[in-house]
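Report on the following structure.
The letters A, B, C and D name the chains in turn, as written, and every chain counts its residues from 1.
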Amino acid sequence: MVTVEFLGPIGKEPVTLKADSLKEVARQLQQDPDIAKWLPQCAVAVNDTLVKDPDTPLKEGDRVSLLPPVCGG
Amino acid sequence: MVTVEFLGPIGKEPVTLKADSLKEVARQLQQDPDIAKWLPQCAVAVNDTLVKDPDTPLKEGDRVSLLPPVCGG
Amino acid sequence: MLLIYDGPVEVPSLLAQWYDAERERNYGAMVTFVGTIRDEGGIEALSFDIYRPVLERWFEGWQKKLAEQNALLAMAHSRGDVPVHQSSFACAIFSPKRRVALEMLDAFVEDFKANAPIWKYDVIDGRRLYAADRSTPMEGSGLLSAKE
Amino acid sequence: MLLIYDGPVEVPSLLAQWYDAERERNYGAMVTFVGTIRDEGGIEALSFDIYRPVLERWFEGWQKKLAEQNALLAMAHSRGDVPVHQSSFACAIFSPKRRVALEMLDAFVEDFKANAPIWKYDVIDGRRLYAADRSTPMEGSGLLSAKE
């Protein structure tokens, strides 16, 4: 199982999913319209490291974070 | 008569010259080798306004300043 | 050095602290950027969320990049509410060379705006509203939106 | 605002003063540059001559240029000796827009280096030696060297 957390303004509690790759996380998150609308604009971190490859494999206990559009300063 | 002053490191006392243009000031300063060596690197102000034209006319009492290479900061 | 303030950044004491800490280390040039909340759009304050683990990695990347040029970086940012006319962000770069300092300040502040994991909210009538229109998707966004 | 210090610029109090004076005026971005004397070449201090009337005109030109973009400029410089690890120059630009602040800081500091009527001397064993090798002829130099 992996945990998916939604940062900043997404305002959703973390969910736990069965997934062995980011692609599989993507497939499941796309089912929820409240989350799906954020996906085109979200960066993704696995265990706090930003990743760029949707084929990134996941292992038991990994934490996936969704980072929506930012505006510091 | 006009006064010519030498700023910063040139280290010369001001001189008074009879001149009705910067060109005439230039001609006279070029006679003094200690000053002539600075001239290629000096900017010029007339009454504290920088000028770019060697034909700038001068009138009685004008003050010409020679500004050697700078390095603030 | 990365500092997170709960509420406004105390700019005068922070700049003094950064300056005094590095003054004797032969840097020659210090440049700083300070962001202060503007009174516009009827806001009382801006409010910020920060995701610190990713912010720290991003910041360490910049520290390393600057260290390769013998330059040093310090930054502070607010979490929570910052009232109008108070400051939410400050950074300083120290370098032996002014060109490095000036160019890196520009590059750092722009990358900060685009990629630091910080979310901004307008505070109006006590409500916290995500500043979606002023926000930028981070580099590499959209990774999870592709269909098979 | 153009300030001339006899000796070192007191950076922390000056930055605090500039920040506090403008904090409520809705500028949003403050950028600063501070120059500190590096310990190199066996110097005890640097020393500066300033020709204030031309410096003031040059500075007013920059104030006007910045005012056209709703930005504000402040600057301080030392006259006389400034020991190693003390500061001789500070400036600040305030703007509602960060791009204006960052770009104008770069442009202002570079023009300052090239065209502000300030002369630098190394102080070594109590002697004051013109820093000819680090100095730049001002724009338009050589006007009086042309032969008829």
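Convention: a residue touches a chain if its C-beta (ideal position, glycine included) is under 8 Å from a C-beta of that chain, and two chains touch if they have at least 3 such contacts.
Source: prediction; values computed, not measured.
Chains touching both subunit B and subunit D: none. We define each chain's centre as the mean of its Cα atoms; on that basis subunit B and subunit C are separated by 49 Å. Between subunit A and subunit C the centroid-to-centroid distance comes to 24 Å (mean Cα coordinates, whole Å).
Residues of subunit D in contact with two or more other chains: 35, 98, 109, 113. Multi-chain contact residues of subunit B (touching two or more other chains) are listed as 73. By the definition of touch given earlier, these chain pairs are in contact: A-C, B-D, C-D. For subunit C in complex with subunit A, the residues that touch the partner chain are 35, 48-49, 51, 53-54, 57, 77, 88-89, 109, 112-121, 130-132, 134-148. Within the complex formed with subunit C, the residues of subunit A that make contact are 7-9, 22-23, 25-27, 29-30, 36, 39-45, 48-54, 65-73. Contacts from subunit D toward subunit C in the complex involve residues 11-12, 15-16, 19-20, 23-24, 26-40, 85-87, 96, 98, 101-103, 105-106, 109, 113.
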